[in-house]
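Letters A, B, C, D, E and F mark the chains in the order given here, with residues in each chain numbered from 1 onward.
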Amino acid sequence: MRRDWYPPTLLADCCISCMPQTLDLLLALPFVMAAAVAAAHRLPRTAIAWVAALAPVLGLVLLGAMAPAILDGQVLHSRHVWLPRIGLEFTLRVDGFAWMFAMLVLAIGALVIMYARYYLSRNDSASRFLAFLLLFMGAMLGVVISGNLLLLSIFWELTSLTSFLLIGFWSHRQDAREGARMALVITGGGGLALLGGVLLIGRIAGSYDLDVVLSAGDTLRASPLYPWALYLVLGGIFTKSAQFPFHFWLPQAMAAPTPVSAYLHSATMVKAGVFLLARLHPALAGTDLFFYTVCTIGAATLLIGAWNAIFEQDLKGLLAYSTISHLGLITMLFGLSTPVAVVAGVFHILNHAIFKASLFMAAGIIDHETHTRDIRKLGGLRRLMPFTSALAIIASLSMAGIPLLNGFLSKEMFFAAAIETDAPLPMRIFTGTAALLAGVLGVAYSLRFVYETFFGKGPRDLDTTPHEPPRWMKIPVEVLVVLCVAVGIFPALTIAPVLHAGASAILGAATPEYSLAVWHGLNWPLAMSLAGVVGGIALYFGLARLLDLHAVVSRAIGRDIFKRNLELLFVAGNRITAALANGSLQRTLLWLVVSALVAMALPLLRDPGHALAWNGGWHTPMQWPGWVLWLLMLVPAVATLRLYRHRLLAVACIGGTGLAVSLSFVFLSAPDLALTQLMVEMVTLVLLLLAMNYLPEQSPHETTLPRRQRDGAIALVTGTVVGALAWAMMLRPHDTVAVEMLERSLPQAWGHNVVNVILVDFRGFDTFGEITVFAIAGLVVHALLRRARMAPERHFDGRPVDLSMPANLMQVLAPMVVAVSIYLYLRGHNAPGGGFIAGLVLAVPLLIQYVLQGARSVESRFGFDFIRTIGIGVVLALVSGVASMAFGVPFLTSGHLNLHLPLIGELELASAMAFDTGVYLVVFGAAMLMLSMMGTIKASRTRKTQRGVVDPLRRSDFTGEEHT
Amino acid sequence: MNHLPILPVLIPMAGAAASLIVEHNRFGFTVRRTVAWLAMAALVVVVAMLVIGASSGHVDAYLLGDWPARLGITLVADRLSVWMVAVTTLLACACLLHACAGWDARAPHFHALFQFQLMGLNGAFLTGDIFNLFVFFEVMLIASYGLLLSGGRGLGMRNGFHYVVFNVTASSLFLIALGLIYGLLGTLNMAELAVRIAQVPPANLALVKAAIGLLLVVFCAKAALLPLYLWLPETYARAPAAVSALFAVMTKVGLYAVLRVSTVLLGAGAGAMAGYGQSWLLVLGAATLIVAALGVLGSARLRVMIGYLVVWSAATLFVAFSLGGAGTMAAGLYYLAHSCFTAAALFLIADLIRRRRGAAGDDKSIPAPLPGRTVPGVLFLIAAVAVAGLPPLSGFLGKVALLASTPVAHTGLVWSTVLLSSLMVIIGVSRAGVRLFWRVPAQIHEAGPVNPAPARPAETAAAIVLLTCVVGMSVFAEPLLTYADATAQQLLDTAGYVDHIRGLVPAMREP
Amino acid sequence: MSAFFDLALIVLLVAGSVFILVGALGLVKLSDVFRRLHAPTKSSTLGVGCVLLASMGYHLLRGEGLQLRELLITVFLFITAPISAHLIAKAALALLPRQRPEPPAKRD
Amino acid sequence: MRRWLPSWSLSLALLVFWLLLNNSVSPGNIVLGAALAIGIPLLSRRMDHEHCPTGSLRGVPKLAALFAWDIVKSNLTVAAQVLGRESKIEPGFVWIPLDITNLRGITVLASMITLTPGTLSAVLTDDRRHLLVHALHIDDAAALVREIKTRYETPLMEVFP
Amino acid sequence: MNTAVLLDLTVIGALWVTGLALLLCLWRLVRGPTVTDRILALDTLSVTAIAGLMLLGMHLDSTVYFEAALVIAMLGFGSTVVLSKFVLRRDIVE
Amino acid sequence: MELALAVAIGVLTAVAVYLMLRARSFDVILGLTFLSYATNLLIFAGGRPVAGKAPIIVDGVPTDLAHYTDPLPQALVLTAIVISFAMTAVSIVLAMRSRADNGGDHVDAHDTAPEPEARTDPRGSGK
């Protein structure tokens, strides 16, 4: 930063000495005040407005303090780190252009706040409105003074978001909601495009810092990614600035309260697009691609907007289309890219903001007073509200580009730029024609606005008599109109320094000599202006004579297409989602199986030679009992496929397979597994049978043959692939860590049964998780059934069968089973057994007693709090593991103690036993909890059974169920 | 002896056991809640200490049972694990707060199941053993069944059945993969596996690929990747609010596992197996982005929509992780935390909305009055901004970080799908907001009788806590991304991990 | 002595396997449920008993020591077999109500 | 005493059972077995839903021998019946009127009937006065009833009064 | 012939016979025709399996099969009980 | 033997997959049971099982894989069995509740009309 300049005032001095903080404060003001306004929602409306106005007013003061430095051509910075890793810095950067724009944003913002104070009705929450408005102001200010492109795109999206809230402020109105959403979708989508573009720029330029990017124009333009970057950025710009073909959201956004339109759609939101176009002009412009694209789009927008404005019946709609047209004009100017065009563009940004804001406010006053915005109902207002009419007429004339008003100046510069481009001749003709047409159309719609609102007959069908609005409501309009005139007459005195600061910030050394005089002598632009005025008047009256302008129903084709497409998107989303995720478990599982199949089969298919190669023979010979077990396992499995619809039979068959699997484990040297499998088999059978009482007896035939064939094929292929994998795996040499476990089991873990040692020691943590799972399963079953009331599927009449004989035998058996359970538990470390098996062995006889004696009889005499048993078991397992921590070794490290007791002899105590006790309790508790819950389901209050009483004579001895 | 790594597993387990023991009419709810919060507080302290430890870059490993890593089970508290545990813990605090407003009294065993769920999650994140990972997956899943179903009824039961069966099937596939892996490689410790995978003879390569592929399928099923996401939206939508909020981290477990496997087992040093399946994950992730965004657009119910948002964020993470670079991985890790908090917050907010709308519930297509809409409105707005990836919140930052670090070769696919789906999500979420908050009938009685449930301050507070996390993530994005970046670097240093774990020396046993 | 012992075991084994086979054959061959019920519930029980005795002797002979505990298996079988048979018979009667005999004359 | 040791016979049986199970008579096992012999009945007593007194055990050895012989003998008969032509057998049901009232006695009787091949106890009436027996081959129903009552029921009534 | 060898051969023969018995039970299990037949077949399967286990133990000179046999003998009838009870009343715990 | 074991695993898997794709909750549960058999056998197969070499250390026998089978897969299968049992229990109960609450046991409710979520007797059963 240069230090050799002279500080003119004290405030400026102060500001300069702490310039970064000033920038931060400038940006923070609106946000802070937004929060203040939101918090102060109980204050009176005027107070709220004052609080709100503080933000722009103080901001303007700060900007004023910066003025000397800015006008001196300096660039002010404030830098904070935010996310340097990705190049996102909280850098604020104010140069002439940003300063000019910030002035615009804050000045019009202040006026709008004042205006809004009187505009909003009693029902509207001023605090909410102004908070939104200030948030928007902050976002817009952020766009303007961001010194980092990523930061800029953040504020960019924030303007979309806050404008969404503002446009939808009257959320009870459907058009407001639609308009808000449309604006959000278009501008938000554009923001995403901009983000992409910014990221590309960053990738090319190596930084998102604006200074770097602006000076990297040549690199950018030379990059092969340039077209992508350009189009993505333009995507953001064109959507924001309502350029064709994205222009339609702007008229739709007129459902917003008028202060919003006055602010967003004249000076800020829509100007953000052209702001960025100007901002990145040094970096992106200067190629044919840029020139043709931007000029064409700008011209198209200019004409389409202007043409539509003529036929619009809504006062604000007309202004909106006019805005579109003027934005097109500005875009086209930046597209032309000549220094003069750029100056004109910057100038017109200012001028348009001033006259358009005042026009919107005037339209708002009219709406406020007449309760309509329909041009067809209005007319002759000059008599009823002469002062407002005068203001509006002046502003309109400025919009039409009538001399002595600011609009004239920039329009004339536009004409000059349009014809003085150094493009090929056809393009020059095109731009010139477009400019001329724009002049004609601009005059025509301005005339229509003025003539049909303030002159002629009317107003018609109004429910009130309009009169002048409150004094304070007019002040903002007055200020702006005065500005229009002042700039129009004394441009050099009023606007020149600002314009120069803005334009030279963009153009730098290329800033041309230009004069802001009203009179430049007789030249082509003046001729075009004249032709425009004459042509415009002729066009308006010609049209008015040729067709009934009031009867024209303007149709926004773009909007309709958009709405239809959006609706289509929702429908498509709905349809596609419903078609994919139809809530079918069958489909979900099918996809899962198919995915797994693909994952397993693809590598095999790609390399079948290696994958299925065997290592020294097909297999090791099988001892013959294996084949019996093999049949025993598979025949019931296949039989289940045939019988599965008859559930009882299927369950019996599965019992066969289960037994065979257990026996196979025994056969293949895994006695512990066999024991576990046997017990689990037993308990599962009981659970299945308990559940079957509450489930239909059989599955109906329902799936079609093709479906079954498809499933069958998938099943077959899956089975083949899994089998092939298993087979191929078994033929490979085996190099496992288990050898070391075998070696270390006895000397270091003091257990002969290596499987049990693994369970309680090497991998005790797995067991830890496993019992937790088991415990939770018990809890889940309990939670699901505790309060559930269910009716059995069918019911047998009569008393329960008397099973006192088996029960009596069971009494003989039970003590022995308990003893066996303890035996298995104690021996587990050295022989097949262990806490888990022992726990189930203890549970099963109890369960059989439930079956034989009935639940009530057992529970009345054998009250056990299974839940706490589980809890205590978990604690025990935990404590046994934690105990080792006291000795400075990790959790679950086993300890070992060889006690020599008198009389009893050697007693081996391993800490693993304590852990196993926890396992024992958890397993017993959870298993019993499940079984007792399922055995003691409460009867439904509403019905005794689902399908009636079993008629013994109609039962099938094949399925055991009643014939249906 | 530093016992820190085991404590995130043991504390919730002790909490659960204590909850079970005090689950008796003799003790009131105050006792149960006190127990739950004590456990939670202890966990927070431990996790804070773990974070401090991991931030130094030190990998804290814990040899359970004092066996060398190859024989026993090892816990590994590296940056990634600690990151995941920390996210889970923060999330859990908010969920517990929400549940303590009253749901815990309606769902039997809530506190025990909740603590068990935390135990499963933390275990899954901390373990360095692939079978132990399976076990903790199961702990986490079965606890989630309990949380999902306890106190539920009606269609929720059928949905729960879907969820359970799907997960049980996936778990079986997990076991098949583990069986193959052990059968082919002879070990279960991840570091050992990494060494052995790098040396797989060509003859076994196809088999190992099949096993690893199956493993990835299973993880993708848990993380809801196309076409395995079908179960998620409905399930999450039907879960109680506190539970679905906690479930926000459940898909992330699958993603975590994908990340772990693809860095440790399929890292650059894995020879022929290096990067196996990553291109599939990328393409499927990109496709999921679009499909999930369509789901967001097409869902009629708010909570289903949030479910699709979960799928969407998971898809973003798949893309981030499968790109394989440190930058994208770091962006992904940051985004992962963000998406946990955001999705959870949205579920809690959806509950606030649903309860205020009476019979209309969370069905967006029914216009219904929304009394007291300001607070949920503001919360929804913030959460929606975050979830849709709009600035300035963490969703935007994470996404920008991801896009910025996307390698050139994949830029087209990743950028177009991410940005396009973002737009779709913006459209969908804004429509939801408009329909719920703005399209309210003029007359109160238009939508039938309304009896909004009383608003409980704790429930709102829980949502605010989560959104505070989101905002905090945005403000402190730099330090968080720095951590994430260091995490990614650590993850990509497979050799360092492997050597560290294999070189661990037991306290007293011979190595 | 050992040879005698071996022979005794062989006899036991042969008897055991014959009874087991008879039980299974009866299960397959006989024509209605109640008839089938007779064969396995006890032939098999006795057969298994014989095998268990043989097993005890065998392990004694082959150095595993006297495995008296195998007696317990027989004990369990003898307690549980009647329970099974009784319940299966009851179930069969319940399924075939027409085969159920007339109730007995009341005694006082 | 009764409170801590409800049934001497059961406890003794359990001790023996434990020693058999462990296949050892080491002091440690005796101590542990004794503990279990005291502990388990305390637990299992709670499950008994009907108390069945035990009388004189003098007749037991003779009954056991008789029973063992019957098992072997009738097993051979049944083997013949199974392997022979099925048309030669005439199965049927027989109601056996009971005089024994002790439930454990009835249970043991029914079990013995079941365990001896050729007969199978199927139903006990609710009043416990009749036992339905299915026989694989019935020559003379009355003789069957008589044989069962004299051979088994009478001695059992002494054991289970 | 050495009686010891003969004994070993007998053990193998007995295994064959047991296997055959198992297959016969399997046939009944699959064939039915009534539910009770299947229950009976299942019961017989488990009883026969005990013999098979003991014979295997003799064949392999090992006693590790004792526990499995014991558990089947002790609790194998449980399946029979619950299946029969289901046929009797549908509600197995009344 | 490997081939036999592999075929068994394959057949059990095929049966499981077919049943899992059926429409009734009970059939699906049966399928899961079969899948768990197949899975357990496959893990078990990873230890290259052989007959008669149970991993219970006998004094004096060298502790290597020539004399004992691999114990680790057995431990894994044990864990797997227990966990799958727990899962089965939960799914069974859920199937019951779903049938009671929703009036049918079709997994996707194609055969029952969509029912209102709020019911007069929330804990009651049937329609």
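Methods note: a residue touches a chain if its C-beta (ideal position, glycine included) is under 8 Å from a C-beta of that chain, and two chains touch if they have at least 3 such contacts.
Only a predicted model underlies this, so the values are computations on that prediction, with no experimental measurement involved.
Enquirer: How many hops, at fewest, get you from subunit A to subunit F via touching chains?
Expert: 1
Enquirer: Counting hops between chains that touch, how far apart are subunit A and subunit E?
Expert: 1
Enquirer: Taking each chain's centre as the mean of its CA atoms, which one is most distant from subunit B?
Expert: Farthest chain from subunit B, going by C-alpha centroids: D.
Enquirer: So which one's got more C-beta contacts, B-F or A-B?
Expert: A-B
Enquirer: Most remote chain relative to subunit E, going by C-alpha centroids?
Expert: The most distant chain relative to subunit E turns out to be A.
Enquirer: Can you check how far apart subunit B and subunit E are, centre to centre, with Cα atoms defining each centre and the answer in Å?
Expert: Chain centroid spacing, subunit B to subunit E, equals 49 Å.
Enquirer: How many angstrom lie between the CA centroids of subunit C and subunit E, rounded to a whole number?
Expert: 10
Enquirer: Between subunit E and subunit F, what distance separates the C-alpha centroids? Give it in angstrom.
Expert: Here subunit E and subunit F have centroids separated by 23 Å.
Enquirer: Just how far, in Å, is the C-alpha centre of subunit F from the one of subunit C?
Expert: 32
Enquirer: Going by the contact rule already set, what residues in subunit E reach two or more other chains?
Expert: Counting only residues that touch two or more other chains, subunit E contributes 22, 34-36, 39, 41, 62, 64, 70, 74, 76, 81, 83, 85, 87-88.
Enquirer: Out of subunit A, which residues touch more than one other chain, so two or more?
Expert: 583-585, 589, 593, 651, 667, 671, 692, 722, 726, 729-730, 734, 736-738, 741, 762-763, 766, 769-770, 773, 776-777, 780, 784, 787, 801, 803, 805-806, 809, 813, 816, 820, 831-832, 934, 957, 960
Enquirer: Using the touch definition from the top, which residues of subunit C touch two or more other chains?
Expert: In subunit C, residues 18, 25, 37, 41, 45, 67, 69, 72, 76, 79-83, 86-87, 90, 94-96 touch at least two other chains, as defined above.
Enquirer: Answer with line, ring, star, complete or other to describe the graph linking chains that touch.
Expert: Shape of the chain contacts: other, as it matches none of the listed patterns.
Enquirer: Could you list each pair of chains that touch one another?
Expert: Result for touching pairs of chains: A-B, A-C, A-D, A-E, A-F, B-F, C-D, C-E, E-F.
Enquirer: Which part of subunit A faces subunit F closely enough to touch in the complex?
Expert: 583-586, 589-590, 593, 618-623, 626-627, 630, 633-634, 637-638, 640-641, 644-645, 647, 650-651, 654, 657-658, 661, 664-665, 667-673, 676-677, 680, 683-684, 687-688, 691-692, 694-696, 699, 702-703, 711-712, 714-716, 718-720, 722-724, 726-727, 729-731, 734, 736-739, 741-743, 745-746, 752-755, 757-759, 762-763, 766-767, 769-771, 773-774, 776-777, 780-781, 784-785, 787-791, 830-832, 836, 930, 934, 940-943, 946
Enquirer: Sort out for me which residues of subunit E touch subunit C in the complex.
Expert: My answer: residues 3-4, 6-7, 10-11, 13-14, 17-18, 20-22, 24-25, 27-28, 34-37, 39-41, 43-44, 47-48, 50-51, 54-55, 57-58, 61-63, 66, 69-70, 73-74, 76-77, 80-81, 83-85, 87-88.
Enquirer: Could you please specify the touching residues of subunit A with respect to subunit D in the complex?
Expert: Counting only subunit A, the residues touching subunit D are 802, 804-805, 807-809, 811, 814-816, 818-820, 822-823, 846, 849, 853, 857-858, 861-862, 901, 903-907.
Enquirer: For the complex, give me every residue of subunit B touching subunit F.
Expert: 131, 135, 138, 142, 145, 149, 153-155, 157-158, 160-162, 164-165, 168-169, 171-172, 175-176, 178-180, 182-184, 188, 359
Enquirer: Please give the residue numbers of subunit E that touch subunit F in the complex, ascending.
Expert: Per the stated touch rule, the residues are 60, 62, 64.
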